[in-house]
Amino acid sequence: MLSEFINTVKDLILNSGFVQGNWKDFLMIGIACFLIYLAIVRKYEPLLLLPISFGMLLANLPVVGLSSYDEGGLIYYLYQGVKMGIYPPLIFLGIGAMTDFGPLIANPKSLLLGAAAQLGIFITFIGASALGYTPQEAGAIGIIGGADGPTAIFVTSKLAPHLLGPIAIAAYSYMALVPLIQPPIMKLLTTKKEREIVMKQLRPVSKTEKIIFPIMVAIIVSFIVPDAAPLVGMLMLGNLFRESGVVERISKTAQNELMNIVTIFLGVSVGATATGDAFLDKKTLGIIALGLVAFSIGTAGGVLFGKLMCFATGGKVNPLIGSAGVSAVPMAARVSQKVGQEANPGNFLLMHAMGPNVAGVIGSAVAAGVLLSVLG
Amino acid sequence: MLSEFINTVKDLILNSGFVQGNWKDFLMIGIACFLIYLAIVRKYEPLLLLPISFGMLLANLPVVGLSSYDEGGLIYYLYQGVKMGIYPPLIFLGIGAMTDFGPLIANPKSLLLGAAAQLGIFITFIGASALGYTPQEAGAIGIIGGADGPTAIFVTSKLAPHLLGPIAIAAYSYMALVPLIQPPIMKLLTTKKEREIVMKQLRPVSKTEKIIFPIMVAIIVSFIVPDAAPLVGMLMLGNLFRESGVVERISKTAQNELMNIVTIFLGVSVGATATGDAFLDKKTLGIIALGLVAFSIGTAGGVLFGKLMCFATGGKVNPLIGSAGVSAVPMAARVSQKVGQEANPGNFLLMHAMGPNVAGVIGSAVAAGVLLSVLG
Amino acid sequence: MLSEFINTVKDLILNSGFVQGNWKDFLMIGIACFLIYLAIVRKYEPLLLLPISFGMLLANLPVVGLSSYDEGGLIYYLYQGVKMGIYPPLIFLGIGAMTDFGPLIANPKSLLLGAAAQLGIFITFIGASALGYTPQEAGAIGIIGGADGPTAIFVTSKLAPHLLGPIAIAAYSYMALVPLIQPPIMKLLTTKKEREIVMKQLRPVSKTEKIIFPIMVAIIVSFIVPDAAPLVGMLMLGNLFRESGVVERISKTAQNELMNIVTIFLGVSVGATATGDAFLDKKTLGIIALGLVAFSIGTAGGVLFGKLMCFATGGKVNPLIGSAGVSAVPMAARVSQKVGQEANPGNFLLMHAMGPNVAGVIGSAVAAGVLLSVLG
Amino acid sequence: MELAINLTIVGMVVVFIVLILLSAIISLFSKIASAGKTGGKDKMNTKDNDMPAPQAHKDVVEESTAYIEQKDDSELVAVLTAAVIAAMGGSSESNIHVKSYRRIPQISPVWNSVSRKEQIAAKL
Amino acid sequence: MELAINLTIVGMVVVFIVLILLSAIISLFSKIASAGKTGGKDKMNTKDNDMPAPQAHKDVVEESTAYIEQKDDSELVAVLTAAVIAAMGGSSESNIHVKSYRRIPQISPVWNSVSRKEQIAAKL
Amino acid sequence: MELAINLTIVGMVVVFIVLILLSAIISLFSKIASAGKTGGKDKMNTKDNDMPAPQAHKDVVEESTAYIEQKDDSELVAVLTAAVIAAMGGSSESNIHVKSYRRIPQISPVWNSVSRKEQIAAKL
């Protein structure tokens, strides 16, 4: 009986994480704790970064079998929603129900800025290809420049699922850092005079326009870029729930409980793809560097196109609203507002920047569709 | 490189919906837009018709692959809940938690009116069979006369899933049209004298009766018609949550968030079964015509049985409450109230009509069970 | 045609429950109704016992095919979440988001009481083994002594799924009976003097400690007892949501809608495992008896260790808080409070008992991990 | 076609049997309830039908519950029904105003508080 | 690498085509909307741009909607934007105080009541 | 049977080891916390135990938090516990009334506003 007792204890010890764990596990737990710190204390997009980093923590506890790859485990099942491409469109449903496209409808030219800011995605794609990433990996890395979490996760889960962890973390971290990343670039590329430009009031938008808008966008975008349809379709369905005004109860649920539940499942299971073997790779460093490049070039693309529009309209457009085209709603629009107000305290760009800002969501989804169509 | 560029562009264009779409797709998109119009502007049961019609829109965007049949797509996964028969019972759980069976318990004879109004289901079944539909199709079409969306979807998903789209659309459209369809029939079949009958106050119902009721109904109905058990069982579980008074938090969730989430998934994926090939068929026209017949005969059945009860009770029952037996809660009961008040401004039938109205839900579920048992 | 009519009727009757049912079905329906009575009128943990007992009712309606074993039925699909071990961790996520570990952090020695009260689990395991249950069954029975529903269901679904029904019912019933079971044992094992002991105020706990606590517990517990990780990991993720203060919206959803939805699904499908064949077995009687033993020994273990701590600290610890170590949050802590106040009206033990009480949740999860590791 | 007619007959018969059965049982237990009534919890909202001034108990598809004395004229009923219709989102055509509308005393504070307790409890 | 450059060009072109197309259509239907306007439901919140005292319509990413008369000086705009920023959780650096902020009259009580009706209805 | 006894011993040992370990670490970091305290964010609700008038910090399984000065008599504690019990749905047998109950000043308005901002934001 004693020997059996000793065996039982021995088994338990040998099965425990302390014996089974290797340096990678411990390093990953450290990284996860650091990300938890960023989420809680620095408030880096905590709604997703906190579940992601805790998922990463769980996935790297040795022996536990809670990574997204451990068949039969809790997180494995939650991960199927990522793998099947279900969660990101459902989050887009909620985002659609939360978003007012009014400023964009009032100023349709905003859409061009939302297009220009996607430059970061493609230039980064070139860069990543040059650095030796496979085209699929490069596409997933480029999409970080869309500054749009669900889109990035959707594209990565289809093109390069092994990079889900670092790409999601990079995307959300840089979205949180938008107020640090963008202003220097915006100031570098604009003159004080340009930044001082006060824009003309937006026209009011009718209920009818707001209702037709999502239907039209869903049709047009899906026709031209079918691969963007799950994202854009759900985004626009959510927006139609919102603007129709007749289905308030499902609109509320789409933007609250449904989105929250999906966010928890998505965050934890995306984080739990970042096992040591998948994450501690020089590719991760490249992703972090390239993600920053993507954000910066996207910002520059938006601002430069803003300058072009400023020139074309004879100075009626403040180029600062271009940087909001990267998405990162509503952070990027607030950055435009702030930098504009620094130059001219009477300058209020927020509403004008909301147009490119929400246009950037559509733009990124279109870019994602192109990437999926060519590389998928 | 130029040739590769041209090829990439060519591929994109060839993959786009404009080239791939055929006339059916475009016609279906038009129909979907018309249904969206009905849902939003005419407020035809928007909570389901809006998701259904948007699902139809998505399913018919060429190339996109968002129909319920496109394996691996978002809506394909959502559709599994319809196919497995999960969503309708869950909606019934919420409906049960919302429904007060008090008026029915106070006046148990209401149940007979709820039975009589199911006549539409079976007469339509005969009609559809005569028109050449298969028995399974005829059963699914007949169930439209139950005026009960989840029941219709549940039956159709088991008997004739290829007709899900048109049957769901017909069911919800006619439910929205109940205030137009029923009054002429009600007036035709009743004399002004009958319509003027003022009914006696309902007795109060004790908490105990309300708690025993759902348990008893679940047992009795399931015993006699086992195939009705998933629907009736969940309806009664929801009602028990409500009446027990001890589980308020799950009762609230069942009737709100859970029902809303299921409604979105159900609506979109049922709508997305209505692809051009499935919908643009002469069967659809038959379904629309027969659905109207079913509603009308159901209404007539209820009113005529009401007349019988009026005669049997020596004029104590106003036959107008019979039409409420078709379900379409609470619209049909309000129609009874309105037509009654037209005849006699001091006549308030609403509470008396709620009895047959909720009885109609049980009646339709029983009828559904019979259809599934014989045809399934 | 007449003969066909007669055949149709005959089929319906032969298919109905009245003909097909046997005495087991009817007895089970009676038991289910009795449990519904306990849940509603006696308020025995109604949030779970009501769904469980209604699930039991549905599963035992003859012919209906709504048990958890009837492939393709509604409840079969809901049951997969139990089988896959998804629901209990999700409920723990919500419980974590609801729980304040402050009293435990303020008095870390509470954890020892939470450990001692797990004695019931293991002693019952010995007893069940001696009575001829298989080791797996004995483990599942023992875990009833953890006084923790989701843990009991999680362990049972892995070790002895055929006992899910009786074990869940026993666990929740005895949790409801804690105010009856514990006081006699507590009074038997303590002197009036001990019960009169007034404990020193708890120190305040900083936000930082509350944030570090869940991360630390998740890591430590998972390292030593990997099989406890799904439960403890989710419990601590929920608690981190709560304490971080930056993700209020997902914290709210985790403790409300998500938990409620999972509770409904879990309850109904666990109840629906209790078919006549599975439940009407002498094993069930053993489970009921052993469950009571487990609760009693757990209580005794906690109180006795409390006496030890009382002795070791020179009378600073009131042994009554030991009984709260069995979990059954917050009922067991309130029992400690009440028994303490009976002995000394100025004695307020509630906060001191909350420490062992929440420690008991962790302790049971650890014990569950050991059982799963050795027997799984 | 034979099948169709058969099924129609069988179907209507079964529907009627089930609902008549339910109807009978409900009638039965309402009789038992009013016979075996001993007061207590249900005293407040169960009244014998043969009381001199029977009380009306309105209970709509939502929580709003009214509890009034009936004076054997239809006015009050009308008023309440109108209120109910209004609450259900409709526009009552007639211009009747609610004259008296009293909420029933909350019957089960205990149940509520239990439910609250449950919500507070960190345990399912 | 060729693929990369190709894809970049194609990608940016497609993104621009799609968004230019959307932009064009929106411009178009805003023109149709302002041309074919006949009052009614939209009267309240669509105004011609050439009105003597055009009204500003703010509509932020949440419900809070302001509806003010514009006096062609930027002050009021500034004030409102600041209010909006404040509502969005930011701290406006400048010390501007809101001088005038009027909620627009609720445009669609009917829709609300319909939605309420739907919620009351025991039927989907 | 051997297995059973073995498992019991191993089980209890492991449970104790894990919980003792946790207990030790918590004790440790509470010491570090009280040692390395430099004010700031935590100043409000962490106080050294050796303060002349230590403050009691109640934090129940729900949000309701009380923050009072302790006068070294058990009365106030009793009162607060009773309040807590009441809040948890129980009925305190004794007839003690709450004499003083002060909400702690909201410690983290910033966190709240961030969370609100997040809710407003149309982006996860």
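Just so it is clear, A, B, C, D, E and F label the chains in written order, and each chain counts residues from 1 on its own.
As a convention for this text, contacts are C-beta pairs under 8 Å (C-beta built on N, C-alpha and C of every residue); 3 or more make two chains touch, one makes a residue touch a chain.
Bear in mind the structure is a predicted one, so any value in this text is a computation, not a measurement.
Colleague: Could you figure out which pair among A-E, C-D or B-E mirrors the C-F interface, over half of its contact pairs being identical by residue number?
Modeller: Equivalent chain pair to C-F in A-E, C-D or B-E: A-E.
Colleague: Give the label of the chain whose average Cα location is farthest from that of subunit E.
Modeller: C
Colleague: Pick out whichever of the two, C-D or B-D, is joined by more C-beta pairs in contact.
Modeller: Between the two chain pairs, B-D has more contacting C-beta pairs.
Colleague: Which chain has its C-alpha centroid at the greatest distance from the C-alpha centroid of subunit A?
Modeller: The chain lying farthest from subunit A is D.
Colleague: When subunit A touches subunit B, do the two copies use mostly the same residue numbers, with over half shared, or different ones?
Modeller: Under half of the interface numbering overlaps between copies: different.
Colleague: With centres defined as the mean C-alpha position, give me the subunit B-subunit C separation in Å.
Modeller: One centre to the other, that is 40 Å.
Colleague: CA centre of subunit D versus CA centre of subunit E: separation in Å?
Modeller: Computed from C-alpha means, the inter-chain centre distance equals 46 Å.
Colleague: From the C-alpha centre of subunit B to that of subunit F, how far is it in Å?
Modeller: 51
Colleague: Can you tell me which residues of subunit C touch two or more of the remaining chains?
Modeller: As it turns out, subunit C has residues touching two or more other chains at 8, 12, 43, 46-47, 98-100, 224-225, 245-247, 249, 257, 263, 329-330, 370, 374.
Colleague: Return the residues of subunit F touching two or more other chains; collapse runs of consecutive numbers into ranges.
Modeller: In subunit F, the residues touching two or more other chains are 3, 5, 7, 10, 14, 61-62, 88, 90, 114, 118, 120-122.
Colleague: For the complex, give me every residue of subunit A touching subunit E.
Modeller: By the definition above, subunit A touches subunit E via 98-100, 102-105, 108-112, 114-116, 118-119, 121-123, 125-126, 129-130, 135, 138-139, 198, 201-209, 212-213, 216-217, 220-221, 224-225, 245-249, 329-330, 334, 337, 341, 345-346, 348, 350-351, 354, 359, 362-363, 366-367, 370-371, 374-375.
Colleague: Please output the residues of subunit B touching subunit A within their complex, sorted ascending.
Modeller: Of all residues in subunit B, those touching subunit A are 8, 11-12, 15-18, 21, 29, 33, 36, 39-40, 43, 46-47, 50-51, 54, 57-58, 61-66, 72-74, 77-78, 256-257, 260-261, 263-264, 268.
Colleague: If we count contacts the way the header does, which residues on subunit F are in touch with subunit A in the complex?
Modeller: Result: residues 2-3, 5-7, 9-10, 13-14, 114, 118, 120-124 of subunit F touch subunit A.
Colleague: Residue numbers of subunit E touching subunit A in their complex, please.
Modeller: Touching subunit A: residues 1, 3-5, 7-8, 10-12, 14-27, 29-30, 33, 41-42, 45-47, 49, 54-62, 70, 74-75, 77-78, 81-82, 84-85, 88, 90, 93-94, 107-108, 111-112, 114-115, 118-119 of subunit E.
Colleague: Quick check: in the complex, which residue numbers of subunit B touch subunit C?
Modeller: 84-86, 89, 93, 211, 215, 218-219, 222-226, 229-230, 233-234, 237, 240-241, 244-247, 249-250, 252-254, 257-258, 370, 373-374
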